[in-house]
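In what comes next, subunit A is part of two complexes: it sits with subunit B in the first one and with subunit C in the second one.
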Partner chain A sequence: MSETPKSSRQKQDFEHALESSDSSVAQFEHKHRSLFDSVQHFLHGNPTMVPVIVLIFSIIIFGFVAGSKFFSPFNLSLIMQQVSIIGILAAAQSLVILTAGIDLSVGAIMVLMSVIMGQLAVTIGIPAPIAIFVGFIGGICAGALNGFLVTRIKLPPFIVTLGTWNIFFALNLWLSGAQSIRSQTLDEVAPLLKFFGESIALGGARITYGSILMLLIFGVLWYILNHTSWGRHVYAIGDDKEAAELSGIRTNRTLIMVYGLAGLVCAIGAWASIGRVGSVSPQSFQEANLQSITAVVIGGISLFGGRGSIIGPLIGALIVGVFNSGLRLAGVDVLWQVFAIGWLTIIAVAIDQWIRKVSS
Partner chain B sequence: MKKALLGAALGALALGISAAPNTAKADEIGACLITKTDINPFFVKMKEGASAKADELGIDLSTYAGKIDGDHETQVQAIESCIASGAKGILLTASDTKAIVPVVKKARDAGLLVIALDTPLEPIDAADATFATDNFKAGELIGQWAAAKLGADAANAKIALLDLAPSAPSVDVLRDQGFMKGFGIDIKDPNKIGDEDDDRIVGHDVTSGNEEGGRTAMENLMQRDSGINVVYTINEPAAAGAYEALKSFGMEEGVLIVSVDGGCPGVANVKDGVIGATSQQYPLLMASKGIEAIKAWADSGEKPQNSQGLNFYNTGVNLVTDQPVDGVPSIDVAEGMDRCWG
Partner chain C sequence: MSNEIKPVLKARGIVKRYGRVTALNYADFDLYPGEVLAVIGDNGAGKSSLIKALSGAVTIDEGSIELDGKPIHFTSPMHAREAGIETVYQNLALSPALSIADNMFMGRELRKKGFMGKYFGALDHKEMQRLAREKLNELGLMTIQNINQAVETLSGGQRQGVAVARAAAFGSRVVIMDEPTAALGVKESRRVLDLIADVKARGMPIVLISHNMPHVFEVADRIHVHRLGKRLCTIKPDDYSMSDAVAFMTGAKEPPAESAA
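Moving on, here comes the complex of A and B:
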């Protein structure tokens, strides 16, 4: 379109009137955002920022309250060790929660698989690598059983995993006879089972292989969820299962795979837990199911599915560890640690609800 | 009037139903064993002892257990089923020693003999009798042993105490306080953990009585003071966990770990030098004596008597160690192995 020089043409009357009128293009009313709204929008786009901010603040605060011991590299690496098992379970839990499900059986799967590995390697005398492999297969089967019941029999995940929690727990008792396998026996017969208890010294810090394993698991899951189509499907199913189905995702198959993968992660956690505890202990980690959910929720993954980053639960688990360590070093009674974690959980969910409102 | 009649009829019907099992089993003495959990080898052994004795005496034994330690509700239901079944007596290890009292009273009012095993009820006379380890004595023995073992160094000891749970059930308090008294610490209120102000105490932490809890608690206390050289533990799994923590700090040498229980893996740990000494208790004996008492009650209405000077029947406790010290009676690991449970 060629432009006509202004001077070459006389303006018509109606054009004069137009000049003083509003020249902006038709658009939606633009609401002015307060700082509060901006924060809400920012958090909606970056749900992991809340736990990151909480983690940074709690580290700073406990640094003051608990003194220099808290900040020592050794203590920080110790926190990492202490949360490693719950962290791994939280990774498994996140996968399921992202699909708007919940898995109450993660801790029970883990303990059961550690008992299976221990009994096979020690009592029956199968070589340790095979015992561990069988444990991994067992974990996948246990998870897939959950997935099967959820998708094919169409039962709510809460009910299914509440049931399998009990089933796996009973199997654990039956297989172990409620007896621990001692650390010294493992050293003799199957030291490989304790592999993840080994550590490397780095300055003052002592980083166990178990801590590194936890980070690796989160790294791999992060890649799968963000850079594969399968990962996108997981988010899509959690956001709206029907819409995902209609857009061609084989939702049931994907869901079974999600539960199976969660089971595998639990079984890997089982191997790591033997290293952490030092023995095969059927009585340990009885609260791990719920602790993993706590870490996931504090980590900013929405219990309604489809939203949140897999890195969040790692931060969530670390926050719990920092709180426990800090409060203990400050000499606070145990029951107040429990109290603090309780409030933290509620506040985390409240923040999640508030952030969700942004889209409505 | 009509309503009242109907109510009476329904009541009679209900009575008839609840009385039915009574008549059905009139020829056989029934007994119930209710434990905290099925998971702890201690209770597994208890069940073994009770079953063996019941078979021997021709008693029909039903067993119940809570799902986890602290599962009060299941125990209440178990007692109710037991009353309804017309059993003559109940052997009970209560999860919640205070809250269980009203339903225990219901059972006693219905003519059942209720014996608390291992864990006394609060108040202790809420049960007809208590067959238990003297837990204070068990703690005292390991305290005395640790003090004697250290000799003059006991005056500068640094002590970590690994307890059971934040709710501090009576067994937790008794062992913890017994240990301190045996070690020579002023325990002030013997019903309260943590009111002591002796400088030698680094701190208390809780373990849930398992390896994972023992390890984490030990790590936390080592962070408070890395010079700890005496560790009291509520039971042997917690002791095993504490040892793993010390090993990861490279400090397992020169730290004295003492414990209570006498389970087979625990005694094996005494043998291997993981635990210095442990106080052994005898759950099998508690249960078999309990069954005998129910039999006596059913036959002659005779109630069991308390041990001299105690308000319960003491089923005994022995210190197991291969490093005996003067003035503290003990048995060696070989004998401990013979008598261990689990």
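Moving on, here comes the complex of A and C:
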């Protein structure tokens, strides 16, 4: 075996031509891009810029249309207040949508947990902090149930959360007896539940604790998604679940945690919603599920997963708030607010599709 | 012949069934230190299942796998990676929307030193970017302008380069490459073959799965011929021609008695 024929160990004949070939491999060509291409590339790298631009433009336009009333500190803080609950739900929704899923049950989880907190504190008489804590645990469990059904039973997230939406809503009506807990009762028995309705006055602005809570939640989630391993894994799963699995990520475990965390955020939203509404109302926030998806989509997070910044949905919720406030101050009928939001959603998804088509 | 040298990676009688399909039928496998072992076989011979079993992507139904003489039971690719076995999958297993640096460190991110890293799990993005750039430069595979650009904006050859660089950078015992040149042009293929030689020169054994006979015969020290879910024989590229190898793997010719598994 020592007299090895070397013939097969050499480069192929046709490859000898390579020796004289250009040795620069896979360099980027600095070809001149059209303005259109440049915009597309820029947005591909910074998908949150679309909602930011839309927000700035809508503020300018409504500033003209609605006049100085729009820019009053009171009105601006009111917009924050009005979007705070949908904003918090949108934060929860974003986590799930980043994994290429969807959670139709966020609003139902929130209302159910607010009812649980209210019933425990008021009807049963448990101290408010414990009632709130139980609500948080309940939120995690409700979310984890979604995650379990998605990962272990391998059902599509849309179907799972469509089912749990109805289940949680029915439980909510059963626990509450379809009765609200009135504001005065809360004040007497468990004022802590209304904590996030309180506000600090800053000039003419009235900034509620609920608004601050929303910003805080987005800040914490931004940190988790961008600066922890777990956050990067969430993006990787949404991008390509199989690739993430092969890269050694325990995708199912991470997914259950994503749904559980979304449930917890909804439960925190539940506490804030009691402050926002002033009472525990089982009939409130019926459309919150879909409004949260609207905010996420307008915020530039791709429904196909793995793309977009968590800050986007915050901007998205604010855009919806600015449109509603601006159109109302301009004296436009409410139906046109809904009309405008509808178009905005469609345009946002169209832009997302266009950005995703970028190629090198 | 190699009685004194123990295999780095050894499998005996491994079986993998998917429902009624048997992908691995009591297959054996040996990889010796410092060698490039090519695995060839017809479509459906069970090459991919063999590789997935060795890299932890599938759990075997029967049989044993040993790494450095110690039995191992991988139930996830993470286990194989922790044991020092890195795999370049055919589909590359990259996340297209994430950056090159993110992809290279996916599943083994570096945390910041100190308080933030310890208690808040803060990632050390700068260090990861620096290392990713260093690894890519080291292998001379490509010049990338921006380590933070998304993998989907790279060409096919560049993506392959990122996947190979990832495996070469982190593999400590074995590097497995599944069809690394299948999607590449002549020039990029040459780069990958040179890269295989580089990795081998560091003393790292490599398992190379390929359909490309010229590539196999050029870089392999031994060739493992897989047929009908098991190892048919192991041959040396210097002793046989490419057409012999093809004949063995397609069943056109009986394998030589002394090299039969």
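Assume the second predicted complex is superposed on the first by the 327 of 360 C-alpha atoms of A that agree within 3 Å, B and C clash if a C-alpha of one lies under 4 Å from a C-alpha of the other, contacts with A are read in each partner's own complex, and residues count from 1 in each chain.
The definition used in the following text is that a contact is a pair of C-beta atoms (placed from the backbone, for glycine too) under 8 Å apart; a residue touches a chain by one contact, two chains touch by 3 or more.
Keep in mind that this is a model prediction, so the values were computed, not measured.
Enquirer: Please work out whether A:H44 is in contact with subunit B alone, subunit C alone, both, or neither, and reply first, second, both or neither.
Expert: Touch status of A:H44: second partner only.
Enquirer: Let me test your reading of the model: by the given contact rule, A:L78 touches which partner, first (subunit B), second (subunit C), both or neither?
Expert: After superposing on A, A:L78 lies in contact with subunit B but is clear of subunit C.
Enquirer: Under the stated touch criterion, which partner chain does A:S325 make contact with: subunit B (first), subunit C (second), both, or neither?
Expert: In the superposition, A:S325 contacts subunit B only.
Enquirer: Determine, under the contact definition given at the top, whether A:A243 touches first (subunit B), second (subunit C), both, or neither.
Expert: In the superposition, A:A243 touches subunit C alone.
Enquirer: Thinking of the overlay built on chain A, is A:T228 touched by subunit B (first), by subunit C (second), by both, or by neither?
Expert: After superposition on chain A, A:T228 lies in contact with subunit C alone.
Enquirer: After lining up the shared chain so the two structures overlap, which partner does A:G177 touch, if you call subunit B first and subunit C second: first, second, both or neither?
Expert: first
Enquirer: Considering the complex alone, what residue numbers of subunit B touch subunit A?
Expert: Result: residues 38-41, 44, 67-68, 166, 203, 205-206, 208-213, 215-216, 219-220, 223-224, 237, 240-241, 243-244, 247-248, 265, 268-269, 272, 274, 342 of subunit B touch subunit A.
Enquirer: List the residues on subunit C that touch subunit A in their complex, please.
Expert: Answer in residue numbers: 57, 76-78, 81, 87, 89, 91-98, 102-103, 106-109, 111, 120-123, 125, 141-143, 145, 149-150, 152-155, 157-158, 161, 186-188, 190-191, 214, 217-218, 236-239, 241-242.
Enquirer: Using the touch rule from the top, collect the residues of subunit A that touch subunit C in their complex.
Expert: The contact residues of subunit A facing subunit C are 1, 4-5, 8-12, 14-15, 18, 21, 24-28, 44-45, 223, 227-230, 232-233, 235-236, 239-240, 242-250, 306-307, 358-360.
Enquirer: State the interface residues of subunit A toward subunit B in the complex, per the touch definition above.
Expert: 69, 75, 78, 81-82, 85, 166, 169, 173, 177-180, 182-184, 197, 199, 206, 273, 276-279, 281-286, 325, 328-329, 331, 333-335, 338
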